[in-house]
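Alright, structures below, take your time with them.
Here chain A shows up in two complexes: once beside chain B, once beside chain C.
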Partner chain A sequence: MLTMTHLVALTPLILVCITAVAVMLGIAWQRHHAGTAIASAAGLNIALLSVLVIWQMGPVETPLLVIDGLALFAAILILISTLVCVTLAHAYLEKYPGPREEFYLLLLCAAAGGIVLAASRHLATLFFGLELLSMPLYGMLAYAFRERHSLEAGIKYLVLSAAATAFLLFGMALLYAQTGRLDLAGLAVALTEDPNAWALAGAGLMLVGLGFKLSIVPFHLWTPDVYEGGPGPAATFLASASKVAVFVVLLRLVLVAPAFQGDWLHGLLAVLAVVTMLVGNLLALAQSNLKRLLGYSSIAHFGYLMVALVIGDGLAVETVGVYLVTYLVTTLGAFGVVTLLSTPYSGEDAAALHHYRGLFWRRPYLTAVLTVSMLSLAGIPFTAGFIGKFYIIALGVEAERWWLVGGIIMGSAIGLFYYLRVMVTLFLVEPGMQRRDAPHDWGVRAGGVVVLGLALLVLLLGVYPSPMIEWVKLMAVAGS
Partner chain B sequence: MNQNATALIAEYWAVGLFVAAVVTLCVFMIGAASLLGGRSRGRSKSLPFESGIIGAGSARQRFSVKFYLVAMLFVIFDIEAVFLFAWSVAVREVGWSGFWGAAIFIFILLAGLVYDSRVGALDWAPKRRVRVDDSI
Partner chain C sequence: MEIAFYLSGLVAVLATLGVITNANPVHALLYLIVSLIAVAMVFFSLGAPFAGALEIIVYAGAIMVLFVFVVMMLNLGEGVAAQERAWLKPRTWLGPAVLAAALLLVLIATLWRGDIGLVIQGETLTAKMVGITLFGPWLIVVELAAMLLLAALVTASHVGRMAPDKPATNRETGARGDA
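Entry: the complex of A and B
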């Protein structure tokens, strides 16, 4: 039975849902773009404050959800990236010829889905959260449906995601048939007593479903096309909040359920991790489109993150936390710049690299933000990315998994080349095709301020990471 | 591990046999037909054959997108009825908390219905897109 404690613990989720319903009623009452954006941002901010308030409460478990350190940590990351998407979308959609307000509705629903997913302790909430996260994303990706690429991205994600969901459901059905339980704790107990082929098959199929959302390598084929085609804010959300939520739930599965800890599956995860980082980085080399390049780079980054899943003990949770924070801040910065350059909406996003040629001579500060993000993605010292990569390599060395460490180093070396290639393009002298440019007052608008803040945060976390590490440690302690 | 594998095979050999049999049967049917069957070519041989009549018109008929919209709205509110049915069976057992849960559920769907009618999703006639357009 739901008690008051449960309701208090669920406040962030409830607040996001209330905001979504309020925004929907607001649209029905009167269409007002700025008003809708402000209402969404206000709701998300209040939800964020409520997370900070209930941080002290300690783990609370309802039959379907668990609000522990890990769930709250993920909720904070999801809410922050949704806020960034709202501010970016406000500027981006200003000139959009069509209904603009529904984007925020979809964004809020997806954020609620992400929070549910990260807090799930039952296969029902896992599935429900995953679908609530993905369904609005189809709409967001195909939002500019008069653009061929955007429509293609939406449909592609819809069809492939439905296939992945079928795998996930079949995996769940096999686990249920084997154990008769759907809650993760019960599954864990039942599977320790009697591990067999069907349970392993179920776990493997679930891994396929989740691996698709994370674009782990054999299931990565959708990533570049969808990133390229989706409108800027939607792609930003897909690359940040969606991936964080799915990764957190995968971490929970691996830590809690021993079905995911069998030797065979561990070996598989290790192979997938190495293949993912190498293939992601190698394919990124040939890209001439910044959004595609960022898509492949995110594939590679989730390959690095899977190292923590493979090792799965010691500092693994803390490593995942630190890496997710650094990845999120950096990705939001990079996608923010791409979105700002395509702002306000007028057809396809400015993502081809030749748009960025000589950008420094027109927009020095925006270029600085993108440069910092690229350095951080490459893992150069004094940026946040370095701290994350340091943690991953330290974890691998401590567990003496030399193949994984070798893969990370190889991947980083390859990655450095294409990140630096983007940076060189930015500083080339001859001006490129100036078809698209950020608005002149971008620096004083909300989106510009957010992007500049993110770049400063990347540098700050790189130079002085201890507060973040302390915070993530707290999360890891509260979560285990 | 070896012992384990033997036990597994003993337990599940029938499944493996079934999979192998399915594959073998498919390969046999396609392979034998292509090896033994005769083959003839001609100008009209590649036309789709439907009870001796040549197909008329294109297979790609265009439907009004409204059909899909109606279908989706139907599913949404149909599912609402399904959930409420489950509640109505257990209405005494779940008590007030169940009542508030159902009330919130109905309120959210009502908000959705208001939204649908205001954006014009419930106007079946194809030409009425005025309300969406004039607010731009």
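Entry: the complex of A and C
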């Protein structure tokens, strides 16, 4: 039964849902773009504040959800990236012909799904959280559905995601048939007593379903097309909040369920990690579209992150936390610049690399933000990305997994090439190039301020990471 | 009871194969109805009559009727009568009919033996127990399902919206518009 303590612990989720319902009612009553955006941002901010309050409470277990350090950590990251997406969407959708308010409604629903997913301790909430995260994303990706690419992205994600969900459900059914339990703790106990091939198959199928959402390599084929086609804010959400939530739940599964700790599955995870890093980076080399490139780069980054899953002890949780924070800040910055350059909406996003040629001479500050993001993605010192990569390599070296460490180093070396190529493009002078562009008041608009703030945060985390590391340590202690 | 379970399961699998191998949407839908009813039988044999009844009422009843209506309406305007006659060939209805007959046989056999509350193992799950679980510890799942439906509805209504300024005709297929 739900008690008062449970309800208090679930406040962030309830607040996000209430905001979504309020936005829905607002749309039904009177459409107002700026009002909807402000209401969504306000609701998300209040939810964020409530997370900070609940942080003091310590872990609470409701019948289907567990509100521990890990869940709250993920909730904070998800809420922050949703806030960034709301801000970007407000500028992006200003000139969108057609209804604009629904985007915020979908965004809020997806955020609620992410929070549930990261807090789930039961297969039912895991499934519902994942669906609530994905279902609005179909609509967000296909939001500009008169664009061929956007509609294609939405439908591609819908069909492939449904297939992945089928795998996930089948895996759950096998686990249930073996153990008769649906809660993760019960599953873990039952599987320790009687590990067998069916349970392993179930765990493997669940891994396929979650691997699709994280675009781990054999299941990554949708990523570049969907990132390229989806409208900027939707792609931003897909690359940040959605991946964080799914990765946190995968981490929970791997830490809790012994089926995931068997040798066989561990070996599989290690192979997938190495293949993901290498393939992601190699495919990114040939891209001439910044969004596709960022898509492949996110594949590679989740390959690095999987190293922490494979090792799974010692500093693993802390490493995942640090890496997720640095990845999130950097990705939000990079996608934010792409979205701002495509703002306001006028057909397809400006994502081809030639759009960025000589950007420095037109928009120096935006270029600086993108440069910092690229450096951070490449893992150059004095940026946040370096701290994350340092943690991963330290973890790999400590566990003496030399193949994984070699994969990370190879991947980073390849990655450096294409990140630098983007940066070179930014500074190229083009003959006969326009020195000035359209009126650029982007810096004073909310989206510009957010992107500049993210770039500063990337630098700050790179130079002075200790507060963040302390915070993540607190999370890891409360979570385990 | 195991026989009923396996027979219904077999019918469900065969009917689903019929759904995905059939090129004609209405024929595929006939198979789908049989498949859903077979799954309902599986639920009954497992001792979950509430889920079985819901499966029949919601899926085989409401949703399938909706499907059939939509598919039929999309085919309007052509030689409807001729097509209806063409659809009524034995090789069209024989497959679903045989599968449905197998299900009927299972049902009659179960009724014949007289013990309605027969299940494979465990106790029968009543609607009351389902309700207590759903609105007790699983309340959050019910609420999440509501949010999920909201998101799905908004997505469908947004993407399905017609352009206000453009004529609403699909030029490639002419599926909508002047007709």
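In the analysis below, the second predicted complex is superposed on the first by the 471 of 480 C-alpha atoms of A that agree within 3 Å, B and C clash if a C-alpha of one lies under 4 Å from a C-alpha of the other, contacts with A are read in each partner's own complex, and residues count from 1 in each chain.
Note that in this section a contact is a pair of C-beta atoms (placed from the backbone, for glycine too) under 8 Å apart; a residue touches a chain by one contact, two chains touch by 3 or more.
Everything quoted here is computed from the prediction, not taken from an experiment.
Legend: residue contacts after superposition of the two complexes on their common chain; A:Arg31 is shown touching chain B, with no touch to chain C. In the superposition on chain A, A:Tyr176 makes contact with neither chain B nor chain C. Of the two partners, chain B and chain C, it is C that touches more residues of chain A. In the superposed model, A:Leu10 makes contact with chain C only, not with chain B.
When the two complexes are overlaid on their common chain A, residue A:Phe390 makes contact with neither chain B nor chain C.
In the overlay built on the shared chain, the residue A:Gly129 is in contact with chain C alone; chain B does not reach it. When both complexes are overlaid on chain A, the residue A:Trp361 reaches neither chain B nor chain C.
Once chain A of one complex is fitted onto chain A of the other, the partner contacts of A:Gly98 extend to both chain B and chain C. By the touch criterion stated above, A:Trp471 is placed in contact with neither chain B nor chain C. In the superposition on chain A, contact of A:Trp55 is made with neither chain B nor chain C. Once the two complexes are overlaid on chain A, the chain A residues touched by chain B in the first and by chain C in the second are 1-2, 21, 24, 98-99. By the touch rule above, chain A contacts chain C in their complex via residues 1-2, 10, 17, 20-21, 24, 62-65, 98-99, 102, 105-106, 109-110, 112-113, 116, 124-125, 128-129, 131-132, 135-136, 138-139, 142-143, 145-146, 151, 154.
Taken in their complex, chain C has these residues touching chain A: 136-141, 143-145, 147-148, 150-152, 154-155, 158-159, 161, 163. Those residues of chain B that touch chain A in the complex are listed here as 8, 12, 97, 107-108, 111-112, 114-115, 117-119, 132, 135-136.
Residues 1-2, 21, 24-25, 27-29, 31, 97-99, 196-197 of chain A are the ones that touch chain B when the two sit in their complex.
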